[in-house]
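Structures given as structure tokens follow.
Note that chain A is present in both complexes that follow, paired respectively with chain B and with chain C.
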Partner chain A sequence: MLLFEKRETVSTKLKAAIPLVSVFLGLVTGAIAILFTRTNPIIVYQALVKGAFGSVYTFSETLVAAIPLILISAGLIVAFRMNFWNIGAYGQYIIGAIFGSFFALNMPATMSRPLLLTIICLAGFLGGALWGLIPAALKAFWEVNEVITTLLLNYVALYILKYLMYGPWRNPESHGFPLSKPFELNAQLPRLLPRTRIHFGIILGIIAVIIVYIIIKKTKFGYEIRVIGENKRAARYAGINITKNIFIAMAISGGLAGLAGLAQLSGVIHMLQIEINPGYGYTAIVVAWLASLNPIIAMLISVAFGGLEAGGYQIQMAIRVPFGIVGTIESAVLFFLLGGEILKKYRIKLRRNIL
Partner chain B sequence: MNVTATSILITLLATTVRSGTILLFPTIGEIFAERAGILNLGIEGMIIIGAFFGFVVSYTTQNPYLGFVVGMLAGGIASLIHAFISITLRGNQVVSGLALTIFGLGITSFYGQKWINNKLPESIHAVAIPGLSKIPFIGPVFFKQDYIVYFSYILVLVMWLILYKTKPGIHLRAAGQNARAADAMGVNVNATRYFWTFFGGLMAGAGGAYLTVAYATFWLEGITAGRGWIAVALVIFAMWNPVNALIGAYLFGGIDALQFQLQASGTTIPSSLLSMQPYLLTFIIIIIATLIVRARHLGAPKELGTPYAREEK
Partner chain C sequence: MDEIIVQAKGITKYFPGVLANNHIDFELKKGEIHTLLGENGAGKSTLMNILDGIYHPDEGEIYIKGKKVHIQNPFDAMANSIGMIHQHFMLVDTLTVLENVALGLKSQGLYIDKKEISKQIETISKKYHFNINPYSKIWQLSVGEQQRVEIIKTLFRKAEILILDEPTAVLTPQESEDLFKILNQLLKEGKSIIFISHKLDEVMEISDRITVLRKGKVVGTVHKKDVTKGYLAKMMVGREVLFSLERKPLKRRGEVLKVKELEAYNDKGFKALKKISFSVFGGEIFGIAGISGNGQKILAQTITGLRRATRGKTILNDADITNASPKVIANKGVNYIPPDRLKVGLIPNLDTTENAILRSYDREPITKRNFIDHQKAAEYAKSLIRKFNIMVPRIDAPVKLLSGGNMQKLLLAREIAERPKLLIAVHPTRGLDVGATEFIRKQLLKERDNGLAVLLISEDLDEILMVSDRIGVIYEGQIMKVINIEDAERNKIGLLMAGVNSPKN
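Up next is the complex of A and B:
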């Protein structure tokens, strides 16, 4: 039987080893899953790595996929630190994209580009923040379970998007396809490097990471959300205003997810449509958790996971391996990580049954 | 009411029961897992795993009942990942459940691609119960269903009895309310939690398998469409009581059936707004249910989501 002995201290080596080993074992699990389809996993992984990091262009696509992950995970970290389970980045991303698109599609093409981009970025942030504040208010006032509310609102957001795309926002010239009018140049975030799709969103992401880092490490708010996350009752006794903190945290968390959605449209897709990749909202949860809720590490992991996403699309197109393998690997990594975290708290020894 | 209107209503309500059955199994399962102290947010993942295995086995063996059983077992096996992480390794149950959901959606999309657009040659058919099915109105709604629906009626009753009237019921409630006291009573807390988490997985698998072998009879990526999350919400709506779960599941089955019927009838209401209704209504209901639970001090099992560490006194 297993014996658990409490650990007093955790070495940095162990702290770093757990996520690294988890990623490795996650890839092994993915390989086993691939074997069942009578495909050689080594070939699949080679193609995946090549599709993610093999050339300047594929690496640039990895960075393009990393942008929404960086923005969303930075926001999720704020919420998760206070134990507020925001599973709603998917919906906040969509609503942010819709809010931003409203201005992108309705402002005159002659408007100055920096001004319009500022407006749509603010609108994207605002949209996501408002969508995030609904579950925040329900939690703060009535203690309604935020896992369920944020998740259900994801579906509501998706159907709002579908409604707009099949209805009032559909471009009459799109031959019946559910697409909006294309964004004019003044509503497109600038591309940073020629012949790649890397856009200004990456700079927004880096700024967001720095701001979140400062907020959680250096401000009273950062300290308070940590106390709330660790022990809500103690926080209340200490006179911390929990309601206010939930609102601020979810405005940031939802806002950054909304900004990510808008940046994806304005930087990459250049129109509103039904498929705008909100699934990044779920992947970012894995990223945040893998980074132990540290925004700077999350940024690095976002690049690695951006590679997994970009490479996943490549292998689907090149060698017809379904994209589902990406989710399988991501979840396996998360399982190993969660299981491995026990090593931080306990030494585990195997004891032969003496009974 | 004229004859046509009555027959439309009966069809609608009979569909309600079948659509509700998809939700009923997972809701019952999660009630018992949560009562024992384990929060499993992986229901959506386990349902779709059950749906996929149920479909594939029914398709290849042409035996939908075998498909149902295998789908159910597949959900049970998937739940053991969550059980191991949250019980033995004392990991974070919220994140582990989410991981299970991502896993189920990922793995079924990975293996399921080649099954898309296949239709089952043989699905589960309705069998009218002699006598009971002749009762006006009630008969055709409740007693002209298939064996799995009848199984679900019995299940609700049996599970209610187990929960409130038997020793295992007392034990599992104790494990979720106060694990240390349960341990002192001689209950093996972790074994109890393993068992009921596995039961929760079986039930999620059953709901998923019912979806593909009896309700839809085809396979589609993401065919569960968030039903797992509606089931998680229904647990609160049901206030952790299996009989209330039946009411909740049929209520949402009804909304689903109604919006589907409306879409089929060629209404002018945009289909995306109709498809939104089950989620929007669950959202509203969960708020109301939370307020009621709070006002009546019913609350969740006290140690829900808390791992039990026996050696730490």
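Up next is the complex of A and C:
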């Protein structure tokens, strides 16, 4: 029989073990799913690793996929540290992409490139931030649960995008496809290495990680959101302005997700369309948790998850294992990670039933 | 009569870093009331939770009526006629008495026979003069009544062995007397009782035998008739204990806090303060005595800005601070030791430094231009630790790992370091052991001697009598009477706490 006993403390060993074991179990789950395709999981995983890190090109694709994860997870960490469950990076990413695209599509092609890029990046950040401020306001003023609002706003954002793509922003020359005009060169983030798609977004990502690290570790604001996240009543007792901090944190969190969306368009896709990969907004949640809300570790994990994605495309093409395996592994990791929370609260003992 | 009904042999229980029970032998005879006496953290609750199946011993054996048993969970305990009334009640606030009694009954399936249960509750209630309506919601009941519901729960389940974990901690002296009458009646009916306490007076009143625990070990088991209060205190603490504190003569200064016809509502929307008025002067400790739930907590919250006053004024040194923000009030010199250390005053998962700077993190030297200087913060925390001799496992360990006494020292140190004009302390020694309690009270007296105005709110009448210069008795949101310490009589205050006397200021 299993016995559950409440525990007060969690050892650092257990804290470190939970993410590692979760990843391992996630891979095992993936292996089981692979078995159903009548393929040897070991071969698939080998191909996956090779497809992610095997050559300069594949590694560059891994980094390309890591860029949005780095940006979004850095932002999510700010919100999560405050115990604000921002599940809405998906929507913030889309709105950021739309805001940035507005300028990318409407400014003259002759405008100076650095200036236009600065404008669209700011617009992308601003769009995501505004979308993040809606649930922030609902929470701060009316105590509306942010899990629900952020999640539902994701759908709203998606439908706004669909409306624009089937309606006013559709390129008349796209033969009816829901695509915008392509971005002019001055609206494209520069590529950093020849023959790869690594773009300037990676620099933005690194800057974001450093800034978020400094914010949460060194500033008054970082301390305040920590206190709010850990104990709201203590925060109120100490006179911390909770409303203001929720707004700032969600502006940063949503803003970075918006910037990620814009960077994906301006750096990779080069036009607005319906499929702009907002799913990174969900994957980044797993990344942030695996990293125990440390932005630097989150950056490394983003690269690993980027590899999972890049490798996933490779195995689909090379050995015809469906790309869905990647999603299976990611969600299984999150599942086990959440299961691990139980271990943090309870000590579980196995005992034979003697009675 | 001397039948041994419960016997625990060599019970050992480890928690990470603590040996909570160290080879404990304990026995309960049929028809006796056996007290477990010990300071906080001695391991009393742990041992009893093992008997109730909530914890599982790492070593040792339990025998009920001579038969070896393995109690895996509270259902097993119930099957062995053990019923426990926990330190923190296990009741669902929003459900009725009846529903709480029915909860977890194995005999009840999906359908609950309300009529039958209600009839049985009424029978029990009548027999022991409980006066409990099965259809009242728990939150509508006083703490004393809730405790009786817990007793009903165990009797309903046909418990023969009753365990009461610090039942009097939440009761007034009068309510305690009532409880003792109930316990005596239960004994007459052949029940056996384990009673837990660290209050010596009541232990001497109610027990047959007493087992003293210290640091997880049994110090000894004695018959009450063979010992004195002082002897028990020494067994419990391991040294001589003073039952009073030395106090310097009062040097009262000007009025610091004036509360004028203040009113406020509690979370349930009831008026909890009704035109309450009183003053606190520099250099004195003004004690507020009362049974919990008569507006004490609301009063402290309203003065400190955590709750809105709907009427009246609070005035600090001639400045109106009514409904100012908590930060403004703190900056004006009001510091506050809240009743729940871990829920309000401290952040359990953060470390000593992060907790130490909660009041001062946003000013120099700790913060310059929005950046926190971690070195300065750590120095600040260390200075508090040194000054108050706070024991921390490591400076970067979460404060929830500190003992209750050390947590409270940290909290007090932080608040006093702000050099307040008024210190509000609510239940500052609740749940602390004798040593820490003595320390905290001495600090309050020391600050009083330095001219600080102290508003002490406590349910512990002994504490109020020991340190206060004046005592205001609160009842249903009003001050019944203010009494100078020279004129204070325990019994009279006890009656005032129960609302006997016409209200006047």
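In this text, the second predicted complex is superposed on the first by the 319 of 355 C-alpha atoms of A that agree within 3 Å, B and C clash if a C-alpha of one lies under 4 Å from a C-alpha of the other, contacts with A are read in each partner's own complex, and residues count from 1 in each chain.
The working rule: a residue touches a chain if its C-beta (ideal position, glycine included) is under 8 Å from a C-beta of that chain, and two chains touch if they have at least 3 such contacts.
All figures in this text were calculated on a predicted structure; none of them were measured in a lab.
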Report for A:Ala251: first if it touches chain B alone, second if chain C alone, otherwise both or neither.
-> neither
Using the superposition on chain A described above, determine whether A:Lys218 touches chain B (first), chain C (second), both, or neither.
-> second
When the two structures are laid over each other on chain A, which of chain B and chain C touches more residues of chain A?
-> B
Of the partners chain B and chain C, which touch A:Gly339 in the superposed model: first, second, both, neither?
-> first
Quick one: classify A:Gly324 as touching chain B (first), chain C (second), both or neither.
-> first
Which of the two partners, first being chain B and second being chain C, lies in contact with A:Thr9: first, second, both, or neither?
-> second
Go through the superposed model and pick first if A:Val23 touches only chain B, second if only chain C, both, or neither.
-> neither
Residue ranges of chain B in contact with chain A within the complex = 41, 81, 84-85, 88-92, 94-96, 98-100, 102-103, 105-113, 221, 226, 229-230, 232-233, 236, 270-273, 275-276, 279-280, 282-283, 286-287, 290-291, 294, 309, 311-312
In the complex, the residues of chain C that touch chain A are 15-17, 54-56, 70, 72, 76, 304, 306, 325-328, 330, 336, 338, 343-350, 354, 357-359, 361-362, 367, 370-372, 374, 398, 400-401
Complex contacts: residues of chain A adjacent to chain B = 2, 4, 6, 33, 36-37, 85, 87, 138, 142-145, 147-149, 151-153, 155-156, 159-160, 162-163, 166-167, 282, 285-286, 289, 322-332, 334-335, 338-339, 341-342, 345
Within their complex, chain A touches chain C through residues 1, 3, 5, 7-9, 11, 218-223, 226-227, 230-231, 233-234, 236-239, 349, 351, 353-355
